[in-house]
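The next part holds the structures, each set out as structure tokens.
Two complexes, one shared chain (chain A), two partners (chain B, chain C).
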Partner chain A sequence: MGEIREVRQSDAPRASVTVSAGGARPTLLPRKRRRRDRHSRKKVAFFHYAYYDVAFQFFVEHVLDADYVRLPRPTRRTLEIGSEHSTDYVCAPFKHILGGYVEALEAGANVLVQFTGFCRLTYYGELQEMILRDMGYDDFEMLNFSMVADHPFKDYVSYCKRVVNPSLSVPKGVANMVALLRMVELLDAYNDYYLANAGFEVEPGSFERAREAFFDDMRCATGRSEINQAYRHGMDVLRGLPVNKPAHPVRVGLTGEFYTAIDPISNLELEKKLLSMHVELHRAVNLTNRILHYSEENTRRSIADYVSYEMGPTSSLTIASAKRYMEEGFDGVVHSKSSGCTPEIDCMPVLQRLSRDFHVPTLFLSFDSQTSDTGLDTRLEAFYDMISMRKGRTL
Partner chain B sequence: MTAGTPSRKRAFLGVDTGSISTKGVVIDEGGKILARSYLWTEGAPTNAARRVVDELASQLDRDRYEVVSVGTTGSARRLVGAMLGAQVIKNEITAHAVGTTFLHPDVRTILEIGGQDSKIILVENGVAVDYAMNTLCAAGTGSFLSSQAHRLGVEVEQFGDIAATSKHPANIAARCTVFAESDLVHKLQVGYEKNDVIAGLCRAVATNYLNNVGKGKKIQAPVVFQGGVSKNSGVVRAFEDELGMEVLVDPDGHLMGAFGAALLAADTPAAERRTFSWDVDDFEFRTREVVCGRCANHCEVVCVYKDDELIDSWGNRCERGAVRPKAR
Partner chain C sequence: MPSDRKRTARPPRGEHLADVRVIGLPRALMYYRLGTKWRAFFEALGREVQVSRPTDRSIFERGEALSVDECCLASKLYLGHVDELASHVDAVFCPSFAKPGAFRAYCTKFQALPDLVTNAFALAERPVTVLSELLWEGGAEKEERESYVRLAATLGASRKEGVAAWKRARRAQEDHDGQLARAQADLTRSASRLPEEARPLSILVAAHPYVAHDPYVGGIVTDALRANGATVLFADEFDHERAYRRSQDFSPSLPWVVNRELVGAILSLHDEVDGVVLISAFPCGPDSMTDDAISRCVHGRPLLTLTVDAQSGTAGVETRVESFVDILSYQRKGGYLNG
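== the complex of A and B ==
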């Protein structure tokens, strides 16, 4: 005894892990790259992400100077493809994005864009590229910003040039990048007004139609002044729509994970469902508040009684926004996440404590590829009944 | 049918169609229960609702009372609501909260374990302020208990009495239905007494509920326990031991959803009220599932027919899949 015997199930080669010095080895096998045709432009596609599709199009057409492949509206098939080729336990956004990529490649895209993030998202681009190549889609390049994350600006430029367009003009691209940031701000500002008022429209569907028209206008914008003009016109139209808003409407604040809380396809049209119950909605979690105007230190300062450390990509913002909603006297807070999202699970005990301290009910929703509409409807209806009855009693 | 004579008093019908059982009550304007019915759904909600309505009709003195509005709740609320022409179709959480706070105005916590779901509702000053529902797993719900009763060869109704005879309840892992079942089999195979296993099962239902549904919720007295499982005195005792406080079980606790639906129906404005004609037996109700082929989403649209006339449909995500009844 005392001897450690190795038990092997089969003679198949075994995986091994070694640590070697130097830079990271590429996970993908080296491939022969197709020779570039000087006269063809790259066709670039993003994944589906709420209304930011409009901004992605501007980025491709005016910053990268390439063709944009606009994805069709995701359907159940998109998610089925995504789920089929993902591990079961990966978060739902991975599946949505992967399904979207397959549809993009079917639509003729040859460059796919993936962002870098503060959670597992950082690895998703590489993993998704491997999965797509295994599926047999080989004629595409990945513009995966994780590859140049934390690099100096010139690396971003050379990466974009290498993958998409070697002749892209840097001065023009930078000017348009500034315009793009403005566009994202305006899209979010427009959406904030939409969420606060669409629940009280007099003519059903009028807000939705106005919003679609606004997005179409934005898509046509080619520069900063046209972006501003589209926004001014869109807001004029939106403000002119008749609404029937009570003096004290039921107000709900939305918060949660960065993909699921924002993307209507992922959260089964949560916002639309709440708006149809005549609720004023606010959602502080958006690109403007998390990326463009964000200070982790100051955000965490505002929740210092509850949080000492940064816990993940949007944890501080999730908690800070929920706290602000509660301080402002909202009737309820809805927290949505993809199931298994660890950073957001960590937020839940804090939100429960906030909920107890401020006496504002919080509804926790978890979405995965199996989540059904019926269960969500029941929970939302019950939540609405609860907060509106409570409001009726206290007013 | 007969027009409402002014001498008849107004009454309200509430039907709660759950996964396992279908409940119905008729109440008068003061909230007193005039007729009650409790039947197994047996997988056929329309049929069960029809039988419930028949049973209520036989109990109710229809010369004295006239049902002027109908409320439905439970997982088949929409279907049964379309069938009965309900004025109010409410989710079961609201119905339970409304029903319970009417009977127990001072209640702070409502524990509810039904056939396939379980929920907790926290109440402050007679208004629900927080709730939670089990999400995916059916562990510790009524259907789990009845399937285990079947395995043990006893009626689920006897669980409470059998559990009371146990001195040393077995420790059963009830985190997951599958694990609980294998643990239960294991305990029986190694020679535990049946009554100890049953008592352990009741205990496991209570702890599992408090650890999952009740997680992070502050449970304060008075506590009311309802839903089908509240009829099981073994689980009630287990809750009392776990919480260290008295747990109230209303004799009509299993009807609370239907009672709440009837109360909500009583709140409908006079303009929407319509005399209920008790004629569901005269019609045939059919449902048909249509898969919308207008995009790749393939929404499953459910159409409800009364004889051959379409009366309602749902399930479509967008306007393109909308199937509307013909305007009458």
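== the complex of A and C ==
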């Protein structure tokens, strides 16, 4: 609009003069149609899986473009529900996830997501859906990727569209998927630094607080640049924290089954317990190393003296990472798995052999639905005492 | 998770097994499914085949000593059978099983077997020569053939000899399976012709073949069933392909091919039997989930789920089987109230 000038005189008739820039126009301007709202109001929940729920949230909000239901922190009740409704000797992750699903449904979710894999995981989704429906939860759908396992990528897309969001934008979804993969890499990279240094913090709890703040930042990120920015900021804060790290700290490598070795609820906070003993931790088993940057052939090449076939979904990574820890002179290796996990049980003789050949102690932990961690504390303390004494002798 | 399994052969290994004359087949795990094929294959290549003796307590104990505690019973028995053979034969045949499709998979145990054997024996410092190959069992015909040709090449046979041996082996296995399936079909047919009162109880035993037919594992159950006057049918002695197709109505995402065939056979034979017994070797991964699904979804016939471990006595199993047979006979007379 141009300049508007109003002329007023005491008792003269009112008048106004208007000057507008530009030429004449029709009375009703043609308007741009408003963008269709592609957002779906479906409430999608994942299962609880360590810090990856940050990535799950991004997947739901920016790739599927739907509402995300964040699960409450699992409690003893979660596991009790899970074990009550599953058979005894199904693997522990199944029970944890089932309990989490019940809590998700209680929190209002109406779509539950389950992945597919090479072991029992392939059948998780179908059986869990069956159990939940038998329990009387009926108002939900399952986004079970086993249903499209072995199908081309476009079937994954159309399956997501059908279950969650029919008006899903594919180009935007793909772009955000790329950002999501970057996010997973950065989450893992951040966690690697955290595990290596959090045991030596000067102010108790400072690393944990910084990590929570970092996850909150990541949760708010909406695209690739914000993800990168959150990471840079998070790493700056983490590097700035005072640490008191000895020249030769006790170093422990973590390996094992893909769910139990990663998820702190399943392994009774194994990492936190070891960190509190002032140990430098490394964990090669994570999404980045198994999914994003993984070559089965090359991984198996490095353990060719021990293994010639793919023994299970994460077996080669488990064995190769343990071997690398040992070659790099770690003081101990901790192998954790859920009780009855067939592929990881088959790795154990190989790890025992490695341990004998490289003279590095290996602690084997098997987790089921127990909730008391006193036994674990005792074993970890004994293990730590042994490896730190060994280290004291060799230094 | 993305499927990144490359369809490539294992890296070639230095050892050459051309001078192997006697090949040992452990009477455990997949021997019960593919033993005929393997025997015919190696015999066609001019080798002598030696099968370990049926499982007994001492084989179990040897296997247990070589295994990690948590291993399933069937896997412990396998190591026991390998140990039994190791000193008598030139090489023990321990194949690894590839996964021909998402829903035609085998338990990861079968993938790991050769490495499991090598490492367990290395740990125990016992010598064993393992003859092995990644078998594309149940995959496309070409892939399966090529995997057997590679196996033959390890034994120093030419491609032509390998293909011929594979063809003969495949036919032998098909004949064997067909014969079993026909015999069982005849059995049900002749039973159905008998008058209602005179008909013995027919009970379907659904278990992995290496559980159902191993005298030490499923044998005690089938013996007890027969001792109680029941006719025992086996879910694995049924046309495999037909059973597999039938299982697709039951479950879209059940990954294990053997479990699929068992489920398909249960569904197909459901109306012809009086009861179903599921036997599982503790702690079987695939069964832990499939048995749950079966007991939730297959209704209408009494179902006994038995988990067998290495018991020292058979009394526990006998009691359960006896009470199950009692239930079925009451059921046939019209239920407890009318009996």
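Here, the second predicted complex is superposed on the first by the 353 of 395 C-alpha atoms of A that agree within 3 Å, B and C clash if a C-alpha of one lies under 4 Å from a C-alpha of the other, contacts with A are read in each partner's own complex, and residues count from 1 in each chain.
One rule holds in what follows: contacts are C-beta pairs under 8 Å (C-beta built on N, C-alpha and C of every residue); 3 or more make two chains touch, one makes a residue touch a chain.
Computed from a prediction, not measured in an experiment: that's the story for all the values here.
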item	value
Joint occupancy of chain A by chain B and chain C, clash or fit	fit
Chain B versus chain C as contact partner of A:Val157, first or second or both or neither	neither
Contacts of A:Ser366 with chain B and chain C, given as first, second, both or neither	both
Partner chain in contact with A:Met135 - chain B first, chain C second, else both or neither	neither
First (chain B), second (chain C), both or neither touched by A:Ala213	neither
Which superposed partner A:Met277 touches (first chain B, second chain C, both, neither)	neither
Partner chain(s) touched by A:Ser355 [first = chain B, second = chain C, both, neither]	first
Touched partner set for A:Pro313, first chain B, second chain C, both or neither	second
Comparison of chain B and chain C by chain A residues contacted	C
Minimal inter-chain CA distance - chain C and chain B, angstrom	6
Interface residues of chain A shared between complexes with chain B and chain C	348-349, 352, 356, 366
Residues on chain C engaged by chain A in the complex (per definition of touch)	1-6, 8, 10-11, 13, 68, 70-72, 96, 99, 101-103, 105, 107-109, 111-112, 114-116, 119-120, 122-123, 132, 134, 251-255, 282-283, 285-286, 288-293, 296-297, 307
Partner chain A, residues of chain B touching it in the complex	75, 90-94, 97, 124-133, 135, 216, 218, 295-298, 317
Partner chain B, residues of chain A touching it in the complex	73, 75-78, 269, 348-349, 352, 355-356, 359, 361-362, 364, 366, 373-375, 377-379, 381-383, 385-386, 389-390, 393
Complex contacts: residues of chain A adjacent to chain C	86-91, 94, 115-120, 122-123, 125-127, 130-131, 134, 144, 146-147, 149-150, 291, 294, 296-297, 300-301, 304, 306-313, 315, 339-340, 342-343, 345-346, 348-350, 352-353, 356, 366
